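Next come two complexes, and both contain subunit A; in the first it sits with subunit B, in the second with subunit C.
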Partner chain A sequence: MKNIGEKIFKFIMKFLTLFSMLLLAFIVIFIFKESIVFFKEVPILKFISGKTWNPLGSPDDLSILPIILGTAYVSFVGIIIALPIGVGSAVVLSSYTGDKMKRFIRGIVDVLAGIPSVVYGFIGLLVLVKFFEVKFSFSSGESVLAGGIILSIMMLPYIISTCDESMEKVYKEYAQYSNALGVSKSYMIRKIVIPESRRSILASIVLALGRGMGETMAVMMVIGNAPIMPKLLKKCQTIPSLIALEMGMAEVGSLHYHSLFAAGFILMLILFIINIFLYFIKKRMDI
Partner chain B sequence: MSEKIKDSLFKIWIILSTLLMFTVVIYIFGYIFKNGIASINMEFIFGDPKGIPIGSEGGIFPAIIGSLFLMIIACIFASILAISTAVYTVFYCRFKKIESIIHLIVQCMAGTPSIILGLFGYTLLVLYLGLGRSLLSAGLTLGIMIFPYIEVRVEKTLREIDKSIVESSYVLGISKAYTIFKLILPICKKDIISAITLAGGFAMGAAAPIILTGAVIFAPIPKSLSSPVMALPFHLYILTGEGISLEKAYGTALVLIMILLIINIISVVLNMRGREHS
Partner chain C sequence: MKRRISLFLCIVLVFAIAITGCGKKESTSPENDEEIVEGSKDFKAQMTFNGSSTLAPVISAIAADFIEEYTTWDKVDPNFPEENIAIYVSAGGSGAGVKSVLEGTSDFGMLAREIKDEEKEKIGDMKDYTLGIDALTISINPENPLYKIKDDLSTEEIKKIFSGEYKYWDEVDNGLEHKEIVVVIRDLGGGAHEVFQKSIMGDTEVREDAIQAPSMGALVTKVMENKDAIGYASFGMVNQNEGKLIPLKVDGVEPTKENIANRSYKISRPLIVVKKGELTPEQLAFVNVLTSEKGSEIIEKMGFVPVN
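The block that comes next holds the complex of A and B.
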């Protein structure tokens, strides 16, 4: 009797695990299935290399090169701003603080990570975009730069928590020796802790890049959503915001509808590559 | 450049970046609190949205309840899958290879953007399965989104358990299932609940997956799983995006982050107690 119970339990666990794993396959299959209709009309290379996006025009006018570039551009701006701040904070957090302070700062970082993206977008729109318009008298404050700044704030927690973990490990490992040798703390951090943590810094960059490219709400609210070639101070469009904005308008089954799935498929491919890359960096980090 | 200058530059850099992070956090909360507190009153929290366009007057009660419902559905769905997956990987999976494949898949799911999950929910749940734009579709989509977060944390807790306790239980001839239910899960209960609450807060704040799957501009408090819902993040987006009412938007943002802060605090408190216990 007991044995049967055991077997059933094991079976249920196995089944539910399999189901969870299959969810990813379902996601890929369904997105692919909807986008294959589109790729039959427009070849995939043309889709990702063309420069116009006009859902009301002919099928030839559906291509997303500016949008892919916009997605990447906003994320890169975000990382460039967030990386120095994040690594700097991680150094302080890992090496300069006591236990209590550490817990407090980690709490703050968690709070930052817990703020919903829509709130970031809201603040970005009301504070940042307005600031650009008033102080620098831009015709429109909605820009790649605004998106990048908002993204950088959202990326901070990921960068800090990824770097902090390995920096703390390295610091603890070498602190005693360097103290015994009379080396100053900051010198030791500069020469040992940061170089030794380069792999986790890389991991944090990749993680933040993935997060940034997939971010919808916050970015959508501050970049102006115009599908043109991105420039730092001009409006642009990203794939997630394109989908979120136009899906509601696209008629189910129309080419426009399928093209949005195709854009989603491209985004998903980019992110899978980033995540697999991240997985291997992390795996090598542990050894 | 002499070492001394380099050293001071380094110190300035790390101090400035930490200060900047603190300033940003304080600024965000201060800004929303300062602007939002004026519009918070009983009518705002417990009233229905009114006015033309809708939302320009009245309250946000259906959105608060809608968000809570969404969170509960997402948490139930995700935690069943996540705990099973974690239990399977830690206690049943015998092959290292399968284990690393599971980890890779979980990581890929965590990295899938929420809007893609929204698209998926829209085709599979809303269109193919005919659930329509509803509480259930949106809740399940959010569940898929938070599944990896719960799985990773639960698995970590399960691995932290003292191996000797588990081994002793096996040696006494107690079955694996019984050990898991009566020994392991009770030990990790608090950590697991903490992980679920944290993920629940994350689900509650997400707007992208529910735009396509169930959130609407106005709906009464949902009566069944198949009715459309209002949700706080979506409501905030509509209020600002359509320029309906800035004042109400500040209020909504304040209510949203306050609820999330409370959820966060609950999770932290549970986690700390769990740590002390073990």
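The block that comes next holds the complex of A and C.
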């Protein structure tokens, strides 16, 4: 009797695991199937190297190089801003705070991760974009920089929690020795804690990059959505926001519709590569 | 061996789910719905609408109101059998609306543009009901001094502003400041932009670095927030935010309800429901509601100008 129960349990668990794996396979196959229609019309290389995006024009006008670059640009700006803040917070959390304080700050950081992205976008639109317009008298505040700043806030929790984990480990391991040697805390952090946790910092960058590239709503509201070559203070367009913006209106089955799937396919490929990269970093990180 | 069998069973089960999942799509198509209904004489308790995504929420709202009021058909008219009212609305673009009427996959088609002559020919015996008009106003921020100098832009001027030929406000009029014009539009593939493109731009393209707002609300917010912005806000949105943004005249015609309804205001499109062949009494009952005062009220509430 017990044996049968065991078997049923095993079966159900196996089934659920298989189901989630197949789910991924189905999504990939579906997106591939929808975008292959487009790639038959426009070769993939042309699609990712052309500079114009005009859904009303001929199929030749559908290409997404500026949009791919915009996606990457916004994420990189976000990382550049978030990284020093994130690593700094992680250092404080792992080395300078007591247990009680640590729990409190971590709680706050987790709340930061739980805020819906549309709220960030809304704040970005009404505060950040407006700020650029009023204080710096930009003609319009929508820019790569605005998107990057909003993204950096959203990336922070990921960077902090990834770095904090390994820094705490390193700190605990070496605290006694460095205290015994009488070196100052800041020296220890600079020479041991940060260098030792460089892999986890790299992992957090990759994780944040993946997060940033896939972010849709918040970014869409502050970048202006103009499919032109991205410049720091000018408008741009990212792949997720392109899809969100145009999918609702694209006629089902039209080339425009399939081109959006194709753009999604490209984004998925990029994120896939990033995730493989992350996997290898993590594999070497855990001893 | 047992392991293999269980694995095999897993795969079979998953595929079974997947296949039934795929199959469901077809069963919701209107043909099957009709089959169910055909059981009771010729009366159809269900009707389907397909087409423009602009008109779809309007029809949905009126239908919801209609169903809430009557619930069953016999309350609409004592001659009808006691069956629950069901009205299905699906959006897929104006083109899809015409296509579905032609192929008979839906009872009514919804269009947010004029019916083309060739479409009229193809459908043949066609009934069409214009419910309302969707108009776009060329709106600017109240702090922009343009409307004090002139509250009227010609088609040519609007074209130049939106195509990027005029980059600064002082090019539009000498009395204005040398400030960059911020053009706000909706996404290029969408219905609102289509109207604007057709009635104003023609073959000229909108400047590439125009801000594409994700919704009409976002477009209006942008114009309200930015002093140098200009955009095509929908008529309904302008009314909701009276005073916060200023609609300009186009070719001397002010975007008022009257001017829009008699089609003298240029940037507009009709919202039309089409039907192939004669209407059944129950369909007529609903169409009467669509064109009634109550229907018009809802149409107006959704931001369009009713014509009935």
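Note that the second predicted complex is superposed on the first by the 285 of 287 C-alpha atoms of A that agree within 3 Å, B and C clash if a C-alpha of one lies under 4 Å from a C-alpha of the other, contacts with A are read in each partner's own complex, and residues count from 1 in each chain.
Just so it is clear, contacts are C-beta pairs under 8 Å (C-beta built on N, C-alpha and C of every residue); 3 or more make two chains touch, one makes a residue touch a chain.
Since the structure is predicted, the reported quantities are computational estimates derived from the model, not experimental observations.
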item: First, second, both or neither for A:258, with subunit B first and subunit C second; value: neither
item: Partner chain(s) touched by A:125 [first = subunit B, second = subunit C, both, neither]; value: both
item: First (subunit B), second (subunit C), both or neither touched by A:55; value: second
item: Which of subunit B and subunit C A:115 touches, first, second, both or neither; value: first
item: Partner chain(s) touched by A:5 [first = subunit B, second = subunit C, both, neither]; value: first
item: First, second, both or neither for A:248, with subunit B first and subunit C second; value: both
item: Which superposed partner A:14 touches (first subunit B, second subunit C, both, neither); value: both
item: Partner chain(s) touched by A:26 [first = subunit B, second = subunit C, both, neither]; value: both
item: More subunit A residues in contact [subunit B versus subunit C]; value: B
item: Intersection of subunit A interface sets (partners subunit B, subunit C); value: 10, 14, 19, 26, 125-126, 221, 244, 248, 252
item: Subunit A - residues contacting subunit C, complex; value: 7, 10-11, 14-15, 18-19, 22, 26, 54-56, 125-126, 129-130, 133, 139-142, 220-221, 224-228, 234-235, 237, 241, 244-246, 248-252, 256
item: In the complex with subunit B, residue positions of subunit A that touch it; value: 2-3, 5-6, 9-10, 12-14, 16-17, 19-21, 23-24, 26-27, 30-31, 33-34, 84-89, 91-93, 96, 105, 107-112, 114-119, 121-123, 125-127, 153, 156, 160, 184, 186-187, 189-190, 210, 213-217, 221, 240, 243-244, 247-248, 252, 260-261, 264, 267-268, 271-272, 274-276, 278-279, 283
item: Touching residues on subunit C, where the partner in the complex is subunit A; value: 6-7, 9-11, 13-14, 18, 53, 92-93, 95-96, 179-182, 187-191, 197, 205, 208-214, 218, 221, 225-226, 228-229
item: Touching residues on subunit B, where the partner in the complex is subunit A; value: 3, 6-7, 10-11, 13-18, 20-22, 24-25, 28, 31-32, 80-82, 84-85, 87-89, 92, 100-105, 107-120, 122-124, 127, 144, 147, 151, 175-177, 180, 198, 201-202, 204-208, 211-212, 233-234, 236-237, 240-241, 246, 249, 253, 256-257, 260-261, 264, 268
